[in-house]
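Listed below are the structures to be examined.
In what follows, chain A forms one complex with chain B and a second complex with chain C.
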Partner chain A sequence: MAKTFKIDGMDVSAADDQTILQVARERGIFIPTLCFLEGLSFVGACRLCIVEIEGNPTPVAACATYPQEGMEVYTNTERLQGYRRLILEMLFAEGNHVCAVCVVNGHCELQWLAEKLGMTYNTLDYLNRPKQVDASHYRFAVDHNRCVLCTRCVRVCDEIEGAHIWDVMGRGIDCKVITELNQPWGESVNCTSCGKCINVCPTGALFKKSKAVAEMEKDTHFLRYFSTIRAGGD
Partner chain B sequence: MDMDELENIAAHEQAREAQYAHRVRVCVATGCLSVGAEAVQEALEHHATPKGKHHCLVMGVGCMGLCGNGPLVSVDPAGVMYEKVTPDDAPDIIDSLGAKPVARLQCDTNAPFFTRQVKIVNENSGIIDPEHIESYIAHGGYSALVKALTEMPPHDVITQVMDSGLRGRGGAGYPTGLKWSTVAKTPNTIKYVVCNGDEGDPGAFMDRNVMESDPHRVLEGMAIAAYAVGASYGYVYVRAEYPLAVARINKAIRQAEKMGLLGNNIFGTSFNFNVEVRLGAGAFVCGEETALMASIEGKRGTPRPRPPYPAESGLWGYPTLINNVETFANIPPIIRNGATWFASIGVGRSKGTKVFALSGKINNIGLIEVPMGISLRDIIYDIGGGIPDGRAFKAVQTGGPSGGCIPAEHLDVPVDYESLKALSSVMGSGGMIVMDDTSSMVDVARFFMEFCMSESCGKCIPCRVGTVQMYHLLSKFSNHQATQRDLDTLERLCDMVKYTSLCGLGQSAPNAVVSTLRFFREEYQERMIESEVAHG
Partner chain C sequence: MSKAKVATVWLDGCSGCHMSFLDIDELLLDLADKIELVYSPLVDNKVFPDMADVTIVEGAVSSEEDLHKIKHVRAHTRVLIALGDCAVTGNVPSMRNVFPLDKIYNRAYTENATENVGTPTSLVPPLLSKVRPVHQVVTVDVYVPGCPPPASLIGRVILDVLAGNIPDVRAKFG
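Entry: the complex of A and B
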């Protein structure tokens, strides 16, 4: 049964299978996201889309939460703004993000979010962890310095392409995305070289080899066709 | 198998034990085994044999509680307990049977450590042989399951558990009956019951003890739960670091299956329940229920957002009941003795008993089971025997990495879920680490943060990066290099990680810092660079 609830004071309605984020987007209410991508399953990992619910002390991820009748949701309180900026600061401190020499400079979701959410400087110490680059694939490369571990590549490869060559290994701060069982990408026999992972990657972690600084633009339009096909199939 | 057969087995086992003039019990749980209990048991058996067939029975039993003074040996019917027994003491112990006890080894069983405990979960621990199902049956084992299956409809079982006031012993304290009722009311032909034995808190070994000392109790609790919620399949998820617990649970499952107490058509009813063990591979986060389920399914053990809760969508999407080892261990006595009996123990909204693992700077190191509502002071000074070497008590850490440090001024607080939460700590699974005045609270907070940092699964950003950032800041305090700005950042991170992390691990990771900042703030300030201005 459809439900009605409030987002930032605005009356909205949701179908059973709609999350708070989907309803907000439908009504043009901006909620920042990073790991979420329309057309892929949600994981609720980046926590940027957290929203406050009246009467609930802990914010919830809008991408992974279904609204309830009469719920009052707030998407942009001062508290949330602070949390979101700190999440971005954490990401910039964790990886080695140097926009000036990055292939996606100007087309990067992380860079865009930092500008949009007003993260103008970092209050945290940079971790400066040494990370690797794997350029063994003939067309693509992965630069772990720029990876935010959103797992979009893992999901698109598994759910859309059906190859599942990407996964995550390690834990905590040592997590990294891997191809096959941590083999060089170029040696993967299951990679179809479809390039979907490149296009869904929000940063310059996954890119085409032929691109120089600021030349790499991502295109996720293909996901819409899959969504349409799926909706028809159900 | 029916009630008569079960009673026959019990009578037979009781008669077998009664043939012997004396029963010598040796603790063969991990604590005592680590200090040579196996050799003690062999030596006792060796010296007992020449005394004649029915002179004395040497039994390997579960934990007797005073783990710090192991190996422990108890003698029945004399009611004597011996501590720090070596194989060389065996002849003296055997010779003393029926005569004067061996004074040099004797342990005072009239001490508060023994007299102030109330044992429900551990009622059989140290008494029965955990590797013999007959021994459990002789002490009333599986009679609760028969009672439930033959006399009570499933909803009556749930009502009993609800009325008992039992709450989850894994730490969060969710009402057990309510959880059962939710799973029971979720319509599905396939449901699962999972026992969470992935006890990973540093200094905690309550669940290990139940699985090692009385494994059938857990299986009986699970079977009753399965009957109540309508499940026919169960998993016991045990961490691989508990090899003895794994072996004993596996053995118990085989024994119960052989007797028809697990499997199909239990007690001739239409109820089926099959149990398997799944091993955890060394990840603390797999104690979180959604990560645990992912691990059982063979996936990477990472949590997922809730709702949907396991009760609605758990293992492979089916309704799943997940309870902690100690929670299941409370079920058979509740069904046997009734909800009113259980609810009469404890205080307020915290009923029954809680098992704690006392460790750190305390005289009596070991496992204790106390009624809810007892004060921390009674636990530490009375049961625990106070602080060694005449030092002063400084703080007690409850709840492991999710918990906090409680200072001396709050020692009179009753041990219940709500009171501990009000002190920025948690009941947790039952770890209790006592610290004296030589401990630095900053270092304690740093230790627990290091634990959370290395156990974070890395899925969500606040926990993955936040724990590392907080650990680095705490290291600055440890090295006397912190500034006011570091203190501010630390507090900001505590708040943010607590409220934005995906699962309980991240949400509770700052607790050790929050509680030490609240009660021992001066220790942080003492470790700051005196004037930040001077450094520009």
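Entry: the complex of A and C
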């Protein structure tokens, strides 16, 4: 049954299976996202899409919340702007993101979000933690310095390709994405080398070898076809 | 109308931001009427003035010399502009921060050296253990990210600051 509610004072309606984010996008209301990708399941990992709901003390992730009848949602309050900026600053402080020498410079979702949300410098100290690069795969490489732990690679490999070679290991600051139970990617017998993880990665963490600075562009159009196929019945 | 005293300083950077500053083309002629360049790698003055109205900083804070210089500059500047990613984030110079200092010195002055092997003890300013963006050392008034920032943005920011405003900059890193 359709539900009616408000986003930023605008009357909107949602089908049963629509999240707040989907309804907002349908109406052209911008809510920033990083881990969310149309065509994959949602995890609410990055929290950039947080919105405020009237009467609810804490913000919720718009990508992972279904609207209720009569709900009043606010997408861009001063409080949310502050939280989002802080989330971006933490991502930049925790990783080692050096846009100037990155393969996806100019095509990066993290870089784009920083500009869009007005982050021109970082109020936090950079952690400068040494992180690994695994270039053992013959075509692809993973640079953990640039990983934001969105888990798009994990989800696309499991849900779309069906290989499930990606997973998440460790907790807190030691959290990282791994291939084949933390074995070198190049030794994976289950990786089909399809390249879907490369294309859904929002940053330069996953990239094709032989790409120089700013040369790597991501292409996620294939997800639309899969969504259409899946919508036709599993 | 008296001209605004403008300075530029070059810390740990590649000079690309200074190049980008020069790249503002005909706007340089307008600026020449409005400003006096009192201290800069581009002019010959050896001493920083008592008080500059605006100072544009390129580069990160990497060495004892950078640290000393930027503290002096801050104390003698009204509006400090951090220009470019090195000044704003640490950028490429800060990529050494994941390594301990002794390994960096060893790599530069011993492993890769064929003559005068060994870390110098004089003439070369000692490196700080971590490269820092300018605002982690002194107060910055205007941030202009970019590697380098586009010339059009630099021109707009300078004109804005000269007009007495603190501009709201929207620009990408890298």
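Everything below uses one rule, namely that the second predicted complex is superposed on the first by the 233 of 234 C-alpha atoms of A that agree within 3 Å, B and C clash if a C-alpha of one lies under 4 Å from a C-alpha of the other, contacts with A are read in each partner's own complex, and residues count from 1 in each chain.
Just so it is clear, a contact is a pair of C-beta atoms (placed from the backbone, for glycine too) under 8 Å apart; a residue touches a chain by one contact, two chains touch by 3 or more.
Keep in mind that this is a model prediction, so the values were computed, not measured.
Visitor: Check chain A with both chain B and chain C modelled on it and let me know: fit or clash.
Guide: fit
Visitor: Check whether A:Ile87 is in contact with chain B, with chain C, with both or with neither, and answer first, second, both or neither.
Guide: first
Visitor: Given the touch rule stated above, what does A:Val156 touch, chain B (first), chain C (second), both, or neither?
Guide: A:Val156 sits against neither chain B nor chain C.
Visitor: Could you let me know whether more residues of chain A are touched by chain B or by chain C?
Guide: B
Visitor: Please compute the chain B to chain A to chain C angle from C-alpha centroids in the superposed arrangement, rounded to the nearest 10 degrees.
Guide: Placing chain A at the corner, the angle measures out to 110 degrees.
Visitor: Mind working out whether A:Cys201 is in touch with chain B, chain C, both or neither, as first, second, both or neither?
Guide: Touch status of A:Cys201: no partner.
Visitor: Does the superposition put A:Ala100 against chain B (first), chain C (second), both, or neither?
Guide: It touches chain C, and chain B stays clear.
Visitor: Is A:Asp125 touching the first partner chain B, the second partner chain C, both, or neither of them?
Guide: A:Asp125 sits against chain B and chain C alike.
Visitor: Classify the contacts of A:Trp112 with the two partner chains as first (chain B alone), second (chain C alone), both, or neither.
Guide: It touches chain C, and chain B stays clear.
Visitor: Just the number, please: smallest Cα separation between chain B and chain C in the overlaid arrangement, in Å.
Guide: 6
Visitor: Chain A residues touched by both chain B and chain C?
Guide: Residues common to the chain A contacts of chain C and of chain B are 125, listed in rising order.
Visitor: Chain C touches which residues of chain A in the complex?
Guide: Residues of chain A touching chain C: 92, 96-102, 105-106, 108, 111-112, 114-115, 118, 120-122, 125-126, 128-131.
Visitor: For chain B, which residues count as touching chain A in their complex?
Guide: It comes out as residues 283, 285, 300, 304-305, 307, 453-462, 464-469, 472, 489, 492-493, 496, 499-502, 507.
Visitor: Hey, which residues of chain A end up touching chain B in the complex?
Guide: 43-47, 50, 57-61, 64-66, 82-83, 86-87, 90-91, 93-94, 123-125, 127, 148-149, 167-168, 170-175
Visitor: Would you mind writing out the residues of chain C in touch with chain A in their complex?
Guide: 82, 85, 88-92, 94-95, 97-99, 130, 133, 135-136, 140, 143-145, 147, 168-174
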